[in-house]
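Pasting the structures in now, so scroll down.
Here come two complexes built around chain A, the first alongside chain B, the second alongside chain C.
Entry: the complex of A and B
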């Protein structure tokens, strides 16, 4: 099948769907089921088309009438864009399954016509970005992606918090696009071409455009210290949108980094070290803040920051190793980065879907009000648990496979790098990664234990019911993918490593091996579990009684550990980073033995937000207020501006 | 006898030996620790295999479950034991072992994490504050100790040039020529694995497993709601985890000794078992003599362990014995 068919097929269908939603929105009866079905069909179609094109790479330039201004639209379908489009299709497909059941609960809150128009435009632009071959197409698609996703974040725009989140997100995308445009223009003036494959970042002058581009991408990806938009945008958006934004959209900048900088031959140590530091800091920072969150989706957003950090770290290792002429390490790290993109995309969508199902049924995402969902929503619980295990990189799931590759690349660089400083840094990073892994375990055990196990902490959670069939199927689909990619990781790793990622035209790409016996391990674990259960527990006599209450009478739900108290010992250790404060007051006459009122307040302030971003914003708004005086509303003043500008320009013209 | 027959016989013998070790060494470890403590307190103490008898006794009792529990509680017990058995099969904690697949050190560390996650979920399932606080502390200890354990194993991997524990602990590695600094690294790593196992297994000086107040404890608080067969499985998997850790530490010490004194496979295996017992005795002595650390002082204690592993890893990375 011709590659052009895929581009146009997918894009035209998505555009038609957006149009249909737009037309129907005027009649106010957009059917979620029909739209979801359309989405599923388009995603499945593009996936099967992708599979049928084989391994060749295609470039496609649009003919004369279909231009963007004076520039043709150019697309390129190769290993890298194939991987990302396949991930996007998978996520869109499961979103299509998930949507009808989920969107019902937003009825009356959001306008479905508007939602579906933005949604299809969003999907279209994401395909466009990962398929585009030149800077003009890329930036146009990128802008559609940013704006349509901002519109989706603002779906439920009657709440003040949602408005604020959408504004913060919009601001972040504007700065990112500005930096990217600057970088692209600079590269065009250096290389004289808009096509990515002509750009060469190996020269010394290319450092500054590379810096602009990497900063622009980091803002959009939510890398520390530009991550602050993520924890606002994700809780505000509907679960479908957060799943796609976290699962795929924040990977688009990673795609851009690989396509533009890595394949452009970037080797400047300053940029690589910057990426290394930003990656490791965001991995740590993200998981540390995830640990102390109480809102389910906000917590997942911080966990995305962690994983983006890991991916960026792996990319930086790949670039470092390539600069040091260690192709073995570079290939492992590159495969690790992209495999982690794939894995995190699937797992994070799964987790956001489960969080959405919980939100639907229990009407809250606050961990203080959840609990006891395990018995009422067993399917949702099982899929959330499996997603959590995967994101904690527990073998034999897919999260472990990519984490192992990152560890392995660091291990190999410790052995192979020449300088002792590089060896030391790699060792320290292994240490950091294991701490990040342990913190991720703490975070997700907290969510699983407090959110799903124990007693229900609110009336709504007590009366939650299992989610609808569509939601269960979409979660099951992603669970199967996660488990399959984990157990058959050796095939997946081999496949990804052969996509010729480091440079687009290498003849014989290296094959990275994944030597761990995951199928054997999975089989052994499963059969041992089965045997132990059948031999020991199945036949044992069981008496159901209450939880041990020390003889003080029935336990109240308040006696359980809360989200904060579970995280407290860890938060204490990291107090300097978290600015973690607890204030407790006990009131009453004989307050030691018979307290009448106990209040405990936990306060966590993000240093970055309170110390850096807020002061900067204050300065900007101060300047803006000064500038606002220029716009006085008087026609005379405006005529004066026009006249004086004209005079100044004329003067400048004569002088120059 | 033909070669094939000899090979078959040998692998059968390995399996029998291995299975009996998995069944007997864990309760023996616990028994030795208890006996040592009893002797130091001038008591006779229970028989060495008392923990095994306890497990049999628990197996005959019925289970009591809380009405708050979901299925997660019983599943977690099963998964923890299954993971420990798989780990016992894969990790080279004994010198003799039947065939096993690639025991990558990162895989081993994350399999321990798998067991930990499930034991934490089991503790949280009943909605009891005891379980939750135990779990909260366990997760903290896990964070502190995981880097130490991982770095210790990485240090061993670095001078062996592989991350496969089977090759790292292979007997033939010892005779590698020009490996002069190896005993030092083996000793350092052995000590750091031993100390981190004290934290990981929540034993003194981090946690006292024999107080009467569960509120202050880690492991015992987590298993408070378990009873009957469930408790038997939990106790056995905990003891198995202990013997895997002690076995790894003992292997390190034996390898350190082997670098200066050549020994054959039989001596190596016997020394290994003897080493595990010796470590159990020393843990018993330590538990009798030391006091429990204040909870806030635990990170300081772990800092020593981490720095020991880090030192070993730096020496291993710097020694340049790496060969690929």
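Entry: the complex of A and C
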């Protein structure tokens, strides 16, 4: 099949769908079912087209009338873009299944016409970014992606918090795009070409454009310390959008890093070390803040920061190993990074869909108000639990497979690297990753325990019902994919490693083997669980008796372990990073012995936000206010500007 | 060596500078007419030296439409609106006149550095006069508060551009110059009507008070 079919098929169909949504939006009754069906059909079509193209690389340049100004739109379909487009198609397909059931509860809150127009443009631009072969196409698609996703974040823009989130997100994307444009222009002046394959980052002058590009990508990926926008944007957006943003959009910068910097031969140790440090800090920071969150989607957003950190870390290890001429380690780390992209994309979509289903049924995402959903929403519970297991890297799920590979690359580094400093760093990173893993388990145990088990903490959670069939199907689809990628990890790893990722034109691609027998492992674990259940749990009788209630009367839902009481002991260990502010007031006449009212308010203060970002923003707005005085509205003043500019320009042109 | 064309465009520039010094609308418009008449003369002289019949037509058109027609129309407008004197803005008129004379000197310095085109009809005096007219027009717009004053300044700027083009090339083709003249006429008519509208909606034509459109 010709490669052009994929580009035209996918991109033009998505553009037409956006147009259709735009036309229908004037009629005020855009059918979510029809639009979701369109989305599913396009995603399935592009997936099947991708599968049918085989393993060849294609480059496609659009013919004359379809130009971006004077530049042709250049697409390239190779191993890397195939992997990312396949992930995108899978996520879009499941989103299409999920949408009709979910969007119903937003009726009246958001305008569906606007939502679907932005959504199709968003999907189109993400395909465009991962397929683009030159900087112009890339940046145009990147901009459409940024703006349409900002519009989607602002879907429910009647809330003040949503407006604020959308503005923060928009600001972050503007800075990221600016940095990227700077880096691209610089590289163009160095290499004289817009095509990515002509760019060479091995030279010494390329270090500054590489720095600009990596910073731009880090902002968009939500890497520490640029992650501020992520925990705002994800809870504000509808679950479908946060699933795609977290599942795929923050992987697009990773794709960019691989496509531009890794395949461009970056080896400058400063940049690689920067990526290494940023990756490890954001992995730790993300999971630490995820642990203390109470909003389900905010928690998942912080967990995304952790995982993006892990992916960046693996990329940095790959680059380090390549510079040290250790191709084995480099291949393992590279495969691990991309496999984790794939896995995290699927798992995070699954988790966001489950969180969306909870939000849709219980009308809250606050862990203080949830609880006891296991009996009322068993399907959602099962899919959320499986997603949580996977993201905590419990075998035999896919999260385990890719994290295991990251560990493998680090263990290999401790053995193969020459200098003791490098060995020590690798060893320390292994320790850090284990801490991150442990905190991730704590985080998700908290969510599972507080959110789904126990008694309901609010009236709404008590009356929640199981989500609709479409939602269940989409969750089931993703669960199957997660389990499948975990059980058949050896095939997946082999496939990904053969996509010739490190450099696009290597003749013999490396092959990374995944030595664990995952199907056997899965079978063993499953049978062990079954035996434990049948032997120990099944036979236990249910006994009903009265617990001693300390004389306080009947047990209320407040006596359960809460989100805070679970997280605080762990969080206290990391006091230097996490600043708790606790305000407790006890009221009553004899408040020492018989308190009548106790209120405890716990707040986590983000040091980065309050100490660095807010002062910087204040300075910027001060400068902007000063600049705004230039625009006084007086014609005479404007004329004076024109006149003085003219004089200065003429002086510059003639005297100098 | 200063040719007669140079002399007439320079006298146009000097007349424009003098125009800055007064706020009487009637006097301003007459002086603008005189300036434009000088330019028409320069055009005719250029036509004579280069033996181009087209430029004669252009000179006639300028004399009739720009030097007589537009001032008369604006005079009629100001009579209708019952305004005879501008209030003045930013700089007092005598100072503004001296400023524009200073800018005339500056434009001589500026144009000396300009690369002279080979085909130029005259030397850099013409270019200096053109740029000086441009500056003078800007000064007029800066120091007038009434909308008619703004139109006048704009017309002076246009004269400057025309002088620059005339002296630095062998004169523009008739068709182009006629198109420019037509645009000018339409522009002036249009802004004259707009002044009526502004007068009707705001009860004044003071542009210094029209600051609420900045956002």
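Going forward, the second predicted complex is superposed on the first by the 624 of 656 C-alpha atoms of A that agree within 3 Å, B and C clash if a C-alpha of one lies under 4 Å from a C-alpha of the other, contacts with A are read in each partner's own complex, and residues count from 1 in each chain.
By definition in this document, contacts are C-beta pairs under 8 Å (C-beta built on N, C-alpha and C of every residue); 3 or more make two chains touch, one makes a residue touch a chain.
Given the structure is predicted, the values throughout are model-derived calculations rather than measurements.
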(Q) Tell me the contact category for A:202 with respect to chain B and chain C: first, second, both or neither. (A) neither
(Q) Counting residues of chain A touched by each partner, does chain B or chain C come out ahead? (A) B
Q: For A:614, decide between first (touching chain B), second (touching chain C), both and neither.
A: neither
Q: For A:404, select first, second, both or neither according to whether it touches chain B, chain C, the two together, or no partner.
A: first
Q | Contacts of A:523 with chain B and chain C, given as first, second, both or neither | A | neither
Q. Is A:546 in contact with chain B, with chain C, with both, or with neither (first, second, both, neither)?
A. first
Q: Determine, under the contact definition given at the top, whether A:640 touches first (chain B), second (chain C), both, or neither.
A: second
Q.
With both complexes overlaid on chain A, does A:654 touch chain B (first), chain C (second), both or neither?
A. second
**Q.** chain A contact footprint on chain C (complex, rising order)
**A.** 89-90, 106, 109-114, 131, 134-135, 138-139, 141-142, 150, 207-208, 210-214
**Q.** chain A to chain B touching residues, read off their complex
**A.** 371-372, 374-375, 378, 381, 385, 389, 392-395, 400, 403-404, 407-408, 411, 414-416, 420, 423-424, 427, 430-431, 434-435, 437-439, 441-442, 445-446, 448-450, 453-455, 515-517, 520-521, 524-525, 528-529, 532-533, 536-537, 540-548, 555, 557, 559-561, 565-570, 572-573
**Q.** chain A-touching residues of chain B, taken from the complex the two chains share
**A.** 59, 62-68, 70-72, 74, 77-79, 81-83, 85-86, 89, 101-102, 104, 106-107, 109-111, 113-114, 116-117, 120-121, 124-130, 132-133, 135-137, 139-140, 142-143, 146-147, 150-151, 154, 157-158, 161, 163-164, 224-225, 228-230, 232-233, 295-296, 299, 306, 310, 313-314, 317-318, 322, 324
(Q) Help me check something: in the complex, which residues belonging to chain A touch chain C? (A) 631-636, 639-640, 642-643, 646-647, 650-651, 653-655
